[in-house]
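What follows are several structures.
First chain A sits with chain B, and in the next complex the same chain sits with chain C.
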Partner chain A sequence: MNAPATSSSPARSERETILAVEDLGIELVRGAERRAILDGVSFAVPERGLIGIIGESGSGKTVLGRALTGWVPEPLRQTRGSVAVAGRKLSQLTNEELRQLRGRTVGYIGSDPGTSFDPTLPIGVQIAQKLRAVVPHTGWAAAKKRVLDLLDQVRIPSAARRFDEYPYQFSGGMLQRAAIVDALVAQPKILICDNITQPLDVTIAAQIVRLLRGLERDLATAIVFFTSSVPVAKELIDDLIILDKGRIIERGPKDRVIARPAEAHTRRLIDSSPRIWGKDVDVPRNTTAAALPSDVLLSVEDVVKTYRVPDRTRFSGTLEVKAVRGVTLDIRAGENVGLVGESGCGKSTLSRLLSWIETPDRGHIRFQGKDMAGLRGKELLAMRRKFQLLLQDPYNCLPPHLSVAKTIRTSLDIHGVKRAEARERARAVMHEVGLKDDDAERLPIGMSAGQRQRVNIARALVLEPTLLILDETLSSLDPAEQSRLIDLFERLQAKHGLTYLVISHDLALVRKVCSRVAVMYLGKIVENAGNARIFDNPGNPYTRALLSAVPVLDKGPFNPAECLVDGEPPSPINVPKGCSFATRCPKAADLCRSSEPLFSTSEQNRNGVACHFPYH
Partner chain B sequence: MTDMTASALTPPRASTRGLSPAARLWRETWGQREFRFGLILILTLIAASILVPLVTGIDPAKMQIKDKYLPPVFLPGGTWAHILGTDHLGRDLFVRSLIGLQYALGISFTTVILMFLFGSMVGLVSGYFGKVVDALLMRLTDAQLSIPLIILAITLLTVSRPTVPLIIFVLAVSGWPVYARVARGVTLSERNKEYVRAAQILGASHWRIILTMIAPNILPPIAFVAVLDLARMMIFEAILGFMSIGVQPPTPTFGNIIADGRKYLINAWWIATMPGGFLLLALLSINLMGASLERARNKLFSGQI
Partner chain C sequence: MGFVLRFLLRRLAQGVVIMLIVSMAIFTILRWDDSKKDTPARLILGPMATQDAIDRKTEELGFNDPIPTQYLAYIIKVFEGDLGTSYIRAESGMSLGATQDDIQTQRASVLRLMLGALPMTLQLAAVALLIAMLIAVPIGVAAGLNQGHWPDRLAVYLSSVFVSLPNFWLGIVLAFLLTAQLGWLPSIGYRGFTYTILPATVIAIEMAPLFIRSLSVSIAAAVRQNFIALAHVRGIPSHTIFLRNVLRNIAVPNLNLFGVQIGALVGGVLIVEYIFDYPGFGLLTVQAVSQRDYPVIQGISIISSAIFVIANILVDLVSAKIDPRVEL
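After this line comes the complex of A and B, so read on.
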């Protein structure tokens, strides 16, 4: 049984098949409701093979990934077909045999590393324990040595120290690496990666992809890589399978699939994946709006925010987390400003300051010329209407006990709009964002991420704001839903004259919608320029590093090998002396380590680079 | 949906689409047999406890020494005149138990509602505002927790006359700290959730957030625990009555019926047993209703209805 996906190179089909999925059908059975999740899925993976399965969210990726480990939990039911690992059909194995198989033959890495570790045990200890559980007669010393070796191999710095640290001490990227170690520790024959790069920053995701590519060579492991992003799959994998609504609609070598997709859906998937450079990239028309004089809507002036956290290493005392270290930024009416940077760079703190749910320690935030610090009570409430922040997480940002219509009405209620009028306006705004009347009485629980995000937009929009701050609003959605929402945002902007501040680590999104981009690193803006300038000729090496990490289908102008940075940003508790990027910068000189570069402004608060050697 | 079978097969969500969440919750609750059974039982008990003494006109305090130790009607020697028999003074146990039930229900419900409201309010405020407010309120709670119920009850109820409001006060005062603690704990984790931040961004005031955002999410699970406390409070009320610092004779209460009957447990076991029987029925019905409501709520918030 040679599926086309695996017979692309003759050398591969000679190898033994390690994973064979035949005509797999899984249904969701809840009461009288029956819905097909997977419908006749067949494919095979040879030993040490590498296969990528691409699908939008809701296409059945996660269910398929779990079914490959023999995990089909209620209310799902396997109705036909089989999954065979190393020739053994999973549905015929006992629980005990499945348990053995999961640890030793199949490794699984989920998309959320935060919940896959026990928070009460050190990372290394739990991985070593797992190894000893699945491979009997492993001594503690041997297990520890193996874990340390692997931690080294996934390039976790000072592995011996990290071995004894708890999950909360790991950052997202480091946890994902530890999850990879956890899956690899018993030398499985197959590694299943379910959307593992999605929650990570681009720079970290690029590191993980590079890492996996290295591991595939070093370890004798077959990898099944599930992702919703075509460029990520392209970076890593040769053979692609496209999954849509539980069916395999297309498969083949990546170059053929991407260049000449046979199915319309595949083409849509490819078209909706981010493009940054190239001829057919759509950039905002008003890229040159910088030249147009328009009113400054929001002006941020040298804003500083420092948090004090207790120092756990001492009996008493506090540490200062310098989250925002002096940000200056102007947003003019009608222009879309992007704020980009890795997680931990202070983007979210800045968004909290801008939405005035926290106040800055120093500096001023002026909205339409009025200093926010001077406003109280009614005046402040009236001002709040005009700028709204859309939060990142569509799952938690809606009150779980309120129906959609009530959630939207609450916004108006807060601002004292009468009941009957509120009802009417809520209905109108629901139509505007693409929600149906049917959805009015639904609770958030049954809704998809995209729908929830629409509710979230609706409840901000109903207040008729002038500035919308999008704090990673689109980053948890898959590309297709993302592009639908971008269209919605464009429509709303044309209709209501909104201004957007897009806070994101997704550079492709920023390229698409923002006319001006500010790059943030460790609590400071290191570069601020128009869209074209930032993407085609960035001044700061950090901007270049960020750009080179973005997975794109076409070749980018920046060579990752040259620009990509290693490691993670330093902690905002110990900000390095001199240029804060000097610790990771490939071009750092002595000057960078001793003195901090000033923000060179060619125009007030607008174009500028904070670097000693810009455009170098 | 052409016939009965087809409509039975459609998922429940389709049939309830368009109804508000509250209406769906009620529909699901009412659809459970246990809930209807519990509701009918508790309504019958309440109606009986009010109507029977009125209709039969039997005075619960009236003694008829010649009729003492009459067994219930279902035992040999029982009569229909005293369905549940009589006690050592020949007083009718049916009417006495029903009046005892009135007091037990009245006192336990009022107490639980009071301590639930007060306790969770303290917990919500303390958890939401944190810092100094939290420290002050929680130390107050600790102080209250350190005073045992029985000591408090003996002190207060022996110093002044044990009236119904005072008994309610004593029970509620000793019960609220638990609610404050639990509510504070959940509020602490709830207030950091994104939807609370979203409400702040919309400009909602602190009180609006506490009352309309956090409270509806955290209080129902606590309320289901409070249902269990109803039983505890009924028993405490009986304990107070038993120690004769509860509602005073001649008013019959569960506590003093049991206190009277304990001396005759061997020859007239039914005297001390009757209050227990009514207690059982009342708690059974309340728990059935509470459990059905909780099941329906879980279904609603897991997206099944």
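After this line comes the complex of A and C, so read on.
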């Protein structure tokens, strides 16, 4: 095991305890309902200790993380036990004492960087204001200097300019870096990180973890790192605590816990972490179907989409956002194609083009041989039935005022199916996706993410499509629910002969379900190959970079130190000349910076790569 | 800042179009029903005028031309800054009524009539807004910060009461109580600033519920935002969070409501000024309508739509200044 050594600090017994949680109990109290969220949680963190707390969603991680800062909002109630920071029990402090302690001794980073900052104030200003609020007698100039130093230290490019920019001008990864600066600005003794890598791309998440590891050495702070991913935690921390249903079920040094878990639940958690390589890795079972040449179902030919946004820096004129810059892709009947890439690479725009929500500026999309651009009215509506889009967020894509059965029937109404028949088909399809008859009259409120996603699937499936476009459909679900839905998709495929296009940033999922994978970068497909080729011996350095960033327990075949890219993708407004990946590519040569590599395919196996110096 | 200039040009152009449409509609509708009984010439010259005199007047002022031609002549003058002259009123402010002495200079210029009335109405509107804010801000803020507790309920009850009071009734009752019975405040006519207070209060009570509602809803939504909760965890004092973050974040929706409310304000002023005989825009309007004084009605409609357009441009500019995400 490649354990990062942090044992240069004093031995554990000599260090003082900075955080002590004793028998902490928190309940949710709503009217007559009382439900335990945390039940007798005890642990201690020494100075400079690195603790990872791991649990599934719903295990009480977030509540515990917040309670460590004294944040127990209604309808939660602390019923017993205590949290003590630097020897002071939080529940016994006055508001003012708690405020002082929060700012100076405890740093907290939440899981959603997009909503962590006030959207109406520049980022740097907000951080400097915090420093001045918690460290009295700090001048504005001194505060600004400190913030700029830290922004540099977390490697935010051109920090002086970024200081005055607003949150909406930052990407998720940059915002999370800013949140780290905010938490560290007053030199806290302990840093609480609540699932901070969860919403980020793997490449960015890997950078953030690497960054924290570096900062921890420099800043001498203890870290409590909450996550649902064992491999991510393993990168950073020394000791593991496993949380399940509000209780600590196991704890110990990470290597021991991962190698020899004592509890069955711990083992399940470890087993559910993504596996891409190794002997017991899941790969698509129906490889035979993919190997046989079948008809091309969806053919995408040199499709281009450019958005125009007003240029705020000039009196008139627009900027061109080149979201999709010429994509060619064939999807054959019965195969599962994966489309992967970082946020902003044009995946979602492409999915909107493929589902004909938007029309391409150039190029052709043919479905079953018919050019979509030539279809109008009834013909178009009939064609639309055959491909359905399933989206990521199961919360916002169901009408909240309609019952489940009505939502499903609405699809049929639109396509002119008679009332009685629609009712019968809706019922049948609900059974098929695993919804019960009782669910028919329920409203989406109160349903879990998994159940809502089933409603979505039912709504699409009731139209008997041939192609389902899954745009991050499974990304917001926990691993257990995810694997149940994967099983469902497999069953549906076997029964109805469906074809799936899986758009996802989750490479382990794509490894598991897709027979063919297309890798997208800045609006273009840079590699397209079969599952085995992509994951075991990809040709494009970008594919290697993506793969090396995936947190896996066992060492992957691609060494992050060699492959992992720094920084973020360039903006689709300023696409670099030459190869668009040249700015981040470890193999980039002069040729890459001047001429754009063409996508070359070999006729026999449809594999192709766009790179001047591909791996063989 | 190029985009600000572009925004201003675009919005001003839109504003001019809006004002053209409004003035054209008013102009056309006013002339639609010319049943040959009360022709403009008859209104100017009075019932005693001979048919001959009326025909001459009609010809002279072009009242026989098609309506579009008349409108064109009118709007060209408007762009030259001439809103025309009243049919009825004299320069002195008196109603001339029926007089065959048709020396045009004697009749009041519409512009001058409005410049006399506008400051009075602006004063009334400003005082009304001030009183409305004095009522709405403390109640709305308290309700927003204490959702589900008594300040929230108080705000709802109070708003319901205010909304259900008809302004004409409230005006009469207040005038009866505070002026006639108690003698605390003067109310009918205008002979000094104190005459503004009662009508302003009536308008304020009509507007306050909207502001209370808007403030409490937006504040309640703002404090539920993640970054507000996190600001507490980051160790920032509560009052700083309220002043710096909450107020900034509720400013945009409330400013927009304010912009729309300016239209309602004009409507409220109309009735209240009439009740209190307050010599402002509203009274001028009511009188002009009842006397069929077309040029005055047209002038008023142009000026009120200009106020509305300009106020909303300002609201959008301030919104963009406060929240950088607001698209101009």
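In this text, the second predicted complex is superposed on the first by the 595 of 616 C-alpha atoms of A that agree within 3 Å, B and C clash if a C-alpha of one lies under 4 Å from a C-alpha of the other, contacts with A are read in each partner's own complex, and residues count from 1 in each chain.
In the analysis below, contacts are C-beta pairs under 8 Å (C-beta built on N, C-alpha and C of every residue); 3 or more make two chains touch, one makes a residue touch a chain.
Because the structure is predicted, anything quoted here is derived from the model rather than measured.
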Inset, instruction - Using the touch definition from the top, say if A:P136 reaches chain B (first), chain C (second), both or neither. - result: neither
Inset, instruction - Figure out whether A:G110 sits in contact with chain B (first) or chain C (second), or with both, or with neither. - result: second
Inset, instruction - Look at A:G87 in the shared chain and tell me whether it touches chain B only, chain C only, both, or neither; answer first, second, both or neither. - result: neither
Inset, instruction - Would you sort A:D118 into first (chain B), second (chain C), both or neither based on which partner it touches? - result: second
Legend entry - Partner chain(s) touched by A:H415 [first = chain B, second = chain C, both, neither]: first
Inset, instruction - For A:R99, select first, second, both or neither according to whether it touches chain B, chain C, the two together, or no partner. - result: second
Inset, instruction - Answer with first, second, both or neither: which of chain B and chain C does A:I445 touch in the superposed model? - result: first
Inset, instruction - Go through chain A and flag every residue that touches chain B in one model and chain C in the other. - result: none
Inset, instruction - Mind listing the chain C positions that touch chain A in their complex? - result: 2-3, 5-6, 225-227, 229-238, 240, 244-245, 248-249, 322-325
Legend entry - chain A-touching residues of chain B, taken from the complex the two chains share: 8-13, 17-21, 193-195, 197-205, 208, 212-213, 216-217, 300-304
Inset, instruction - Report the residues of chain A in contact with chain B in the complex, numbered from low to high. - result: 30-33, 355, 357, 380-381, 384-385, 388-389, 391-393, 396-401, 403, 410-411, 414-415, 438, 441, 443, 445-446, 456, 459-460, 463
Legend entry - chain A to chain C touching residues, read off their complex: 66, 69, 71, 73, 95, 99-104, 108, 110, 112, 115-121, 129-130, 133-134, 166, 168, 182-183, 186, 310-316
